[in-house]
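Going by the order they are written in, the chains are A, B, C, D, E and F; count residues from 1 in each one.
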Amino acid sequence: MKEYKPLNPLKVPRFSDIRTFWRLPYLKNVPKDVDFVIVGIPFDTGASYRVGARYGPEAIRSQSLILRSHNPALDITPFEYCSGIDYGDIQVIPGFIEHSYESIEKEYFSIIRRDVIPIALGGDHSITLAELRAIAKKYGPVALVQFDAHTDTDPDYYGHRYNHGTTFIRAVEEGLLLVDHSIQVGIRGSTYSKGEIDNARNLGFEVITAEEAYKTGIDYVAKRIQERVGDARVFVTFDIDFVDPAYAPGTGTPEVGGFTSRETLELIRKGLKGLNFVGFDLVEVYPQYDPGFITSLLAAHVIFEFISLIALNKKAGLEAKV
Amino acid sequence: MKEYKPLNPLKVPRFSDIRTFWRLPYLKNVPKDVDFVIVGIPFDTGASYRVGARYGPEAIRSQSLILRSHNPALDITPFEYCSGIDYGDIQVIPGFIEHSYESIEKEYFSIIRRDVIPIALGGDHSITLAELRAIAKKYGPVALVQFDAHTDTDPDYYGHRYNHGTTFIRAVEEGLLLVDHSIQVGIRGSTYSKGEIDNARNLGFEVITAEEAYKTGIDYVAKRIQERVGDARVFVTFDIDFVDPAYAPGTGTPEVGGFTSRETLELIRKGLKGLNFVGFDLVEVYPQYDPGFITSLLAAHVIFEFISLIALNKKAGLEAKV
Amino acid sequence: MKEYKPLNPLKVPRFSDIRTFWRLPYLKNVPKDVDFVIVGIPFDTGASYRVGARYGPEAIRSQSLILRSHNPALDITPFEYCSGIDYGDIQVIPGFIEHSYESIEKEYFSIIRRDVIPIALGGDHSITLAELRAIAKKYGPVALVQFDAHTDTDPDYYGHRYNHGTTFIRAVEEGLLLVDHSIQVGIRGSTYSKGEIDNARNLGFEVITAEEAYKTGIDYVAKRIQERVGDARVFVTFDIDFVDPAYAPGTGTPEVGGFTSRETLELIRKGLKGLNFVGFDLVEVYPQYDPGFITSLLAAHVIFEFISLIALNKKAGLEAKV
Amino acid sequence: MKEYKPLNPLKVPRFSDIRTFWRLPYLKNVPKDVDFVIVGIPFDTGASYRVGARYGPEAIRSQSLILRSHNPALDITPFEYCSGIDYGDIQVIPGFIEHSYESIEKEYFSIIRRDVIPIALGGDHSITLAELRAIAKKYGPVALVQFDAHTDTDPDYYGHRYNHGTTFIRAVEEGLLLVDHSIQVGIRGSTYSKGEIDNARNLGFEVITAEEAYKTGIDYVAKRIQERVGDARVFVTFDIDFVDPAYAPGTGTPEVGGFTSRETLELIRKGLKGLNFVGFDLVEVYPQYDPGFITSLLAAHVIFEFISLIALNKKAGLEAKV
Amino acid sequence: MKEYKPLNPLKVPRFSDIRTFWRLPYLKNVPKDVDFVIVGIPFDTGASYRVGARYGPEAIRSQSLILRSHNPALDITPFEYCSGIDYGDIQVIPGFIEHSYESIEKEYFSIIRRDVIPIALGGDHSITLAELRAIAKKYGPVALVQFDAHTDTDPDYYGHRYNHGTTFIRAVEEGLLLVDHSIQVGIRGSTYSKGEIDNARNLGFEVITAEEAYKTGIDYVAKRIQERVGDARVFVTFDIDFVDPAYAPGTGTPEVGGFTSRETLELIRKGLKGLNFVGFDLVEVYPQYDPGFITSLLAAHVIFEFISLIALNKKAGLEAKV
Amino acid sequence: MKEYKPLNPLKVPRFSDIRTFWRLPYLKNVPKDVDFVIVGIPFDTGASYRVGARYGPEAIRSQSLILRSHNPALDITPFEYCSGIDYGDIQVIPGFIEHSYESIEKEYFSIIRRDVIPIALGGDHSITLAELRAIAKKYGPVALVQFDAHTDTDPDYYGHRYNHGTTFIRAVEEGLLLVDHSIQVGIRGSTYSKGEIDNARNLGFEVITAEEAYKTGIDYVAKRIQERVGDARVFVTFDIDFVDPAYAPGTGTPEVGGFTSRETLELIRKGLKGLNFVGFDLVEVYPQYDPGFITSLLAAHVIFEFISLIALNKKAGLEAKV
């Protein structure tokens, strides 16, 4: 087992001690032999409808305590192969999106320069632009896999260029993405205009709507993700509104008719397995709309799958060396 | 775009301004060129188990603010083809069902006489009898499509003829329905007696239970609705308990083992498309049992589909003229 | 109709009168001609993560009031063939698990010695060990059908042998089970170690994980249960975390990616039909995590299915006599 | 100790067993040597604003489990001097107020004819009219002590004579009250008209508004109650909205600026001590608006004080005999 | 009675129809003979701790429906003397405080230029700066009466000049206030620095802390307000966190040890009576933290008192003319 | 300012970063120059009625983020005079009280041996026995100031000696207290027996009931505490049920008629000022019963007062040296 790993739940009861993610060590200085870093970005000034994602990181960390060591579905015990810490939260400036973008990009970059895979807990979806800026600064443009009910490619809102609905048009405009290797999955619900989904496609994204996904099936969608991304470095952004409100009520712009948690896990496991990850985020958890905590619980588990995928890659790398 | 339409959510934030449905104009006098009218009927004296549907219209209006202009699944931008208003609520007399029936019928009739399609927000399911009386007064008997976990055809409760469980036996007895063109879908859960579902069939309804629907599939059920209704004028009544409690906890007599939101939308889109609508209602939303607001959210979206179907008919009519 | 049966909901409104299960008679002395007995076991000292199952029996009883007389899916009106009472709760000693085990076993045995089928409302899953001790005292070892997200076969927690995660390893060690006829269904989520599921299999259980069940289908799983149990006397234990958190948020260690209520009912109806029941329990309902009451509602309905299955057996027995 | 008394909380944990009030015996036939009877009247068709008091009795019973044997403030152990049972609920007919009035009066009368003091759990305040009719049938007109934010003496609502706001004008009109000995305390908040409070005074009631009570003090108000009632037989009706919404949010028409729980208890203890009680009720508990359960908790404790007052009278009677 | 007034609650049940404040007419064009205008300002980008005041106006409007016609404590029936409308909400730009300030000031000014008294529903406390800019544009600097737990005079936050904690230092700097006639009441809780309260005093405000108020009593504080303001035009700003969290949990930075609702009403009635009002606001209602709705209820009632005070002034003006 | 102190809320938004108490440094090894240590003890196996205090430390830490640097009421900026850390939680063994007592005592002793003042976050009130054992091991018997609605001196429950209702009879029996210098304040509510409060007095405690406190006033009670404790080393235990349920609903055995938050703060400030503290705890916070979070908020603020009192002593010590 690695040095930086969760407390043992059979020794220290899971309801006990400070709420870091999965009870990982809380360290503001990233040590050398760390593979991934949990980082909170409690920013929600970019929200256009409901608000409250600033409490998303707290809620996800709180529910993550249920996690145990082994992932039977992927047959991996993550901390046999990789180690991780919880960095705490990045500095944000509530009420000021452009200033926050600068602050997030800078601090996020100071973390990833140490060659770790960041896993960010949002915050609303506007934060991903800052993350991608830092990612592109280190790696150049990367592929994007976006699980989301919305394309988030609206040109502007109320005459402003930045909020949680414009993230990916900005990312394309700024050249942060390998759009030819990027894909959006799960789009559904009403749109601001007839051409909204086509706009995303015109920007270069492959877009699979929820209805298309239901028709073609999880296996096919997973295959499309794998083929689209290929060997490119890839950033995975998971908007919890990808999932149906029955499974994830605690979000900012919930859209009915969505995916179940079972489908979600299957798609993550199959669609992302073996990709060349440079970062993940999970955004749009609004604890005030999550009275039974199931949204945060699901979010924590999705991140558990992300960590498992990182570990699988490490394991594969080790085995390849042999 | 039509004159009577929602506020623009890219200009006026969706969380803003008075809570009419979809932020439609609030008008007590129905203007000439209006196609549909949202009308609240906050009556819940007919409830036999839980209570609180008097707050249903408020909750549905509140959650409807999330709606945007275009329906990608049906490929229609409703307000390009039709216009609508929110009338506010009809006068009810809490505690007095027969007096309320008179009041609802009268005011409802004064609306529909202007040749608009009413979309009522309940209230418990007892209100549909008053609606149907007004509908029949204008159109004669009509077909009924009822999405519901219960047949609501019990002869009486506690020695009384009127409550939310006797609506459709009364409607048949009063000659308000074309029973040969009427259909009930989604019936499930425990019943008061062995013969309850057969009683509904004996009244003339086609009844498709939830178990039958799961076996035969959504496409088949949609086809049955289309065939059953045919060209008849049709009233659509949607009891939110049609949907599983995971998706719609906020209702009066929830029955486990129900439909998902995805199946529900698909069935509405396919089963109702192109029918000759004279009215809709959506009933049995109980906000006090809906802590994450997902029931009202789903209700608002179902009505969005209804409006889209009205627009599709208008569009088809326009295209037919060309 | 039998003597010991629920109040008539068409006469006495379902929201009315003292909250026994299904408004059955509340009797501390089990009468002669009773077939099943509802018994609460409000013990939650065995919980390792969340806590609060001591309020499970109250919540299930409260939501059970919605139940009506007939089960259309199984085509049975239970109280035509069997009668039942609500015994109230068994004496537990909060904070003291071994003392509680003694108390539960003793009082539970005093009930079942009258040849009734007990249906226990938990309480956390630790209580099942006490139930099985009493059952084995009367019948010798029995088969077990366990619906659960977890195997509950961990050797110990924090250095102690008893809590809700060690119940079934203890039951095997104590010789209470016919392990060759026992089966665990629905296992999923993260585990404490790589070998956890294999450990359960090594103890002799057949284990069908959730992922295996999704692949093979409900019909196959139902067949496996039937074949595994065969003619053996069987105890059915239903941990509500078998179901997905969207359908049952109110539980102690929820695991995402679970079964829907529809799948659950179908599996119960097919998998358990005609088995030779000696007892049932339903455990791990935590009302504080169930803001819309849907967990308790589902729990009440699952017990309704159990009662229907008992009645079906009685009916079959009567018909066999003819 | 008397025969009919609560379970011992030091033996049977208070969270355990069937939810009768204070875990008193549940008996539909009132035994001979019983002094008081708890009776639920889950009727809420009379509610003009919020609704849901049908779940009041369940909630009060649930929170009453916290009660222990002795009342230090009044220095009395009630069950040393009196005995009581929980009768369960009286038959109501939801949706039909006049029919319910008949039903309540009849069943309530069948209880009080056995010379017990009834303590009714509402239900909305309309039920008190039915109670008073039965009381007057047995005793002739009686004095009334009404703790309430509202006079409930409006002539009619929406053209109807019966709902929870007209109870006491009807009671006066029907001659059920000794108005010269009757008093209303705690009136506050906005009123339908300028003369509303004067109307109550013109009916004959002494009315002490909240503002007057704050100025004169609890001791003075208690004295006014004692003097007003004198030796007359008295019925005490306690509307929980007497208390401030901070202490009792779970009610139908909450009025800010109300009494604290401390003032309330003091007023009850001093104002009612030694009066000649013929009945009590506690009404307008709406559990859906009581997320922390403090309203039901307070209601249960108020009833604990009522029972203590009954016991004090019994004790005084015994001592007088000596 | 005036033309622009609430619906009659004895005719149209209070739970019925569109949620404007007190069910006043909803008019975007302010008619001539209107005395006060309710206006929502759903802006919450200025919040430094919790967030969600964008839903404040909806919640206050929803709970305001309980209000009736007459105010017995002030002996005034407001709509006999004044008339009012609900304007709906002012345009805000979520995420952009300076742009929102411009928008709010402009639209607010367009309302008050018609010589009406605005009553704004916040929104966080940052909005008051925009209101005061418009007020000063029309009237020049005005007196301020601020009910609040915090002085809101911090120089900056995170390097920015505008948020809900800097409103009144900015207002002084911009010359919007007659500081010699301005007073802050209720300050308490922890402060960012030792000198924080002195800073407010150095800016020119009279500051009465909560502890000082408790010592000197409500009458004295009311007198201080009256004397401080004198004949000056006055703007009243009411931060709901003035009240204790037991009475108003639903706010952004609650401070324990606060005022009761009773004290609050008394202070408003005595402290503000007869002042020369140019505007009111009520801010910092966060519905997501208000599970029993008591915060919004209190807010609605406070506004009812404001309206009553306006009416009293009108009445006094009329009587003076005679 | 000291080295170990909270993050600056004007730089790092208070909703940000890992939830330690007041965002103090999280350190498992207590550094040399630390004055107080926050330590969680998430044990709730000792609860006899409700349960869930294991989540108390998380909730109090979460709400403590609102705290700022200065305490105006006591005129002290704590971190100018003292420094503190958050140790995280002590190891408990859920379900096993005696084993937990050993574990808590040992780990707690390892902290206090470094001459720091511990401030424990419970957990139910059973934990105080373990704390006092460690305290007595270091200091010998100490005085106790207990704020509580209950004496917690019952001899046993269900035949067992340890739970949250027997803590202080055990402490006296074990010789851990200077009973002649110990005092219990706030006792109220129903009791298990007539003599319960006398029993506490017979053990040697001074007991001031809530009713006595209301009569004599806060100043008098504060004086009694000061005189009773005198110069003795004192441990302060604060059961949150001391406060009225309106102010602190989230607790295990709430008793109506309690203290307000204002009275509570005043009593703490006056009654405890200048005492010779060896430790504090705050127990019985049950987050599941605290929907608006006001209980945890109050708890966090009470601890803020405790820290302020520690700082005042340090300041006085420094000044005495000069």
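The definition used in the following text is that a residue touches a chain if its C-beta (ideal position, glycine included) is under 8 Å from a C-beta of that chain, and two chains touch if they have at least 3 such contacts.
The shown structure was predicted, so the numbers you read here are calculated from the model rather than taken from an experiment.
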Under the touch criterion given at the top, what is the topological distance in steps from chain A to chain D?
-> 2
Select the interface copy of D-E from among B-C, C-F or B-D: the correct pair shares over half of its contact pairs, counted by residue number.
-> B-C
Taking shared residue numbers divided by all residue numbers at the interface, is the value for chain B and chain C over half (same) or under half (different)?
-> different
Farthest chain relative to chain C (centres taken as mean CA coordinates) | E
Centre distance in Å when chain E and chain F are each reduced to the mean of their C-alpha atoms | 38
Chain A to chain F, mean C-alpha position gap in Å, rounds to 40
Where chain D touches two or more other chains at once, the residues are 11, 13, 15, 48, 54, 93-94, 158, 244, 246, 260, 289, 291-292
Write out all the pairs of touching chains, ordered by chain label.
-> A-B, A-C, A-E, A-F, B-C, B-D, B-E, C-D, C-F, D-E, D-F, E-F
Residue ranges of chain F touching chain A (in the complex, touch as defined) | 11-13, 15-20, 26, 40, 42, 54-55, 58, 61-62, 86, 88-89, 91-94
Show which residues of chain C lie in contact with chain A when the two form their complex.
-> 48-50, 154, 156-158, 187-194, 196-197, 209, 211, 214, 244-246, 249-250, 253-254, 256-258, 260, 289-292
Footprint of chain D on chain B - complex, ascending = 44-48, 51-52, 54, 93-97, 99, 158-160, 162-163, 288-289
Quick one: which bits of chain E touch chain D in the complex? Just the residue numbers, please.
-> 9-11, 13-15, 65-73, 75, 77, 244, 246-247, 260-262, 264-265, 291-294, 297-298, 301, 304
